[in-house]
Amino acid sequence: MDVLPLISILSCILGGIGVILHTDYINKIIMFAFLEAGLIGLITSFYYLDVSIISSILEPIGTVILLLGALKYAHLKRTKKKYSSEVPILAR
Amino acid sequence: MNTMNLVVLTTYIGYFLLIIGVIGAIFGPMTNDPLKRLLNIEVPSMGVALIFLAYNETLALMTYIAVNSVLMLVFVRAIIKNEELEA
Amino acid sequence: MEIEVIKLIIASIICWINFVVVDTYFGLPKKPGVSGAEVIGKKIEKIGGNINGGYFMGNIVCSPDASAGTLMAAIFYYAMGFEGGLIAALLIFIGNRLCNDPGYAGTIGTITATILIYLCSGFIEPQYFIAGMVIAIFTIQGFHHAYASKLLGSIAKKMGRI
Amino acid sequence: MDIVILTIGTIMVIVGLRIFLTRSRALKLPYVCCLNFCMAALIVLYIKSPMGALTAVVYFISSTISSNAIAHTIGEMKKIEKTMK
């Protein structure tokens, strides 16, 4: 066994446990990026270089989608707490 | 002595991530928030990708990684719409 | 065995001096270039560091500067020879433009690192420069944040670039 | 076993454990940056060809873009938490 597969396996295990145990959005997304790094290293150690390039291009797209969703969701939850008692009466 | 080679170890890691992710998505900490549950769902998805890798399914792996990011967009959009429309 | 350790330490010192001098000369500690670097600088100041060193570390995290340029020059020299360094400079420039940065520091740092590796190629092989760059980035970003930011701030004040 | 690969592997194990154990959000990002450096170096030392170098460059630049987006979002999230108390 070489060093790159061992390190990638360690990164996969730590990232998978860390995504579940952390409770903040940003911490979860950082640990998810850590898990993706392990996945790309493990794909590369099988000599599938084209799949590795495709995967490393698509990784920031998924991260940006999750970040925009988390930002919009936090903003929505803040603003709805304030008006939720009177707005539905006016809407009807 | 050569039984624990790379392919067998990758299969075990894939099944480990699958089981841990499914248990964490059901009983994990603070999963009444739907976005946190979606982030826990990503862990078994990566486990499925590792199992594809261990059985040498290159085309399936590439397609799965590409479709996964589109699927993430659909789920995030659905969660935000649900939060907006709910009174 | 001992000659390899000496080669590793010499390559690490060369990489450290190269990227710190180039990044400080192009004004990284003065202001946060992209908007994410300000958060890291403020946080490092809160735990007892220097604000200019914090901006320096935030700029390294948020866009590929001369530190990434040194690593990429070593990688392409290891794979392709001397003319790989120019390809590395082009790729670093594309990466800088993707991160909304002017991109002078990355290209200049890559070219100077290529010239330094070419001058040292008689007695130090290029793979020692790869490990040396990893050790150099570990001493700044991963060892102790407050002490490293104080050191970077004092170097920037001594060069007169604050 | 080579001393170069062993040094990079040891540094990567230390940095991975420190990412897992640090509690602050903004202080995790320098460790992630150091981990990206280590991973690109290990990729090009495992595959000794120009295609391996190209893979390492594409991985490094795209992960830097991802890290930039995370740092930008931390600032926006702090701004939201400050204005709407």
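Letters A, B, C and D mark the chains as written, and numbering starts fresh at 1 in each.
The criterion applied here is as follows: a residue touches a chain if its C-beta (ideal position, glycine included) is under 8 Å from a C-beta of that chain, and two chains touch if they have at least 3 such contacts.
Since we're looking at a predicted model, the values are computed, not measured.
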Apart from subunit A, which chains are still tied to one another through touching, counting links that pass through other chains?
B | C, D
Between the Cα centroids of subunit C and subunit D the separation in whole angstrom comes to 15
Mind checking the centre-to-centre distance between subunit A and subunit C? Centres are C-alpha means, answer in whole Å.
27
So how far apart, in whole Å, are subunit A and subunit B when each is placed at the average of its C-alpha atoms?
11
Counting only residues that touch at least 2 other chains, which ones in subunit D make the list?
8, 29, 32, 45, 52, 65, 67, 70, 74
Chain-level touch network, classified as line, ring, star, complete or other:
line
Which pairs of chains touch one another in this structure?
A-B, A-D, C-D
Considering only the defined contacts, which subunit A positions touch subunit D in the complex?
2-4, 6-7, 10-11, 14, 18, 24-27, 29-31, 33-34, 37, 40-41, 44-45, 47, 49, 52-53, 56-57, 59-60, 63-64, 67, 70-71, 74-75, 78-79, 82
Contact footprint of subunit B on subunit A as seen in their complex:
1, 5, 9, 12-13, 16-17, 19-21, 23, 25, 28-29, 32, 35-36, 39, 42-43, 45-46, 48, 50-51, 54-55, 58, 61-62, 65-66, 68-70, 72-73, 76-77, 80, 84, 88
In the complex, subunit D residues that touch subunit C
3-4, 7-8, 11, 14-15, 18, 24, 26-27, 29-34, 37-38, 40-41, 44-45, 48-50, 52-53, 56-57, 60-61, 64-65, 67-68, 70-72, 74-75, 78
Note which residues of subunit C are touching subunit D in the complex, please.
1, 4-5, 8, 34-40, 43-44, 47, 57-58, 60-64, 67-68, 71-72, 75-76, 78-80, 84, 88, 91, 94-95, 98-99, 127-128, 130-131, 133-135, 137-138, 141-142, 145
Note which residues of subunit B are touching subunit A in the complex, please.
5-6, 9-10, 13, 16-17, 20-21, 24, 28-30, 35-36, 39-40, 42-43, 46-47, 49-50, 53, 58, 61-62, 65-66, 68-69, 72-73, 76-77, 79-80, 83-84, 87
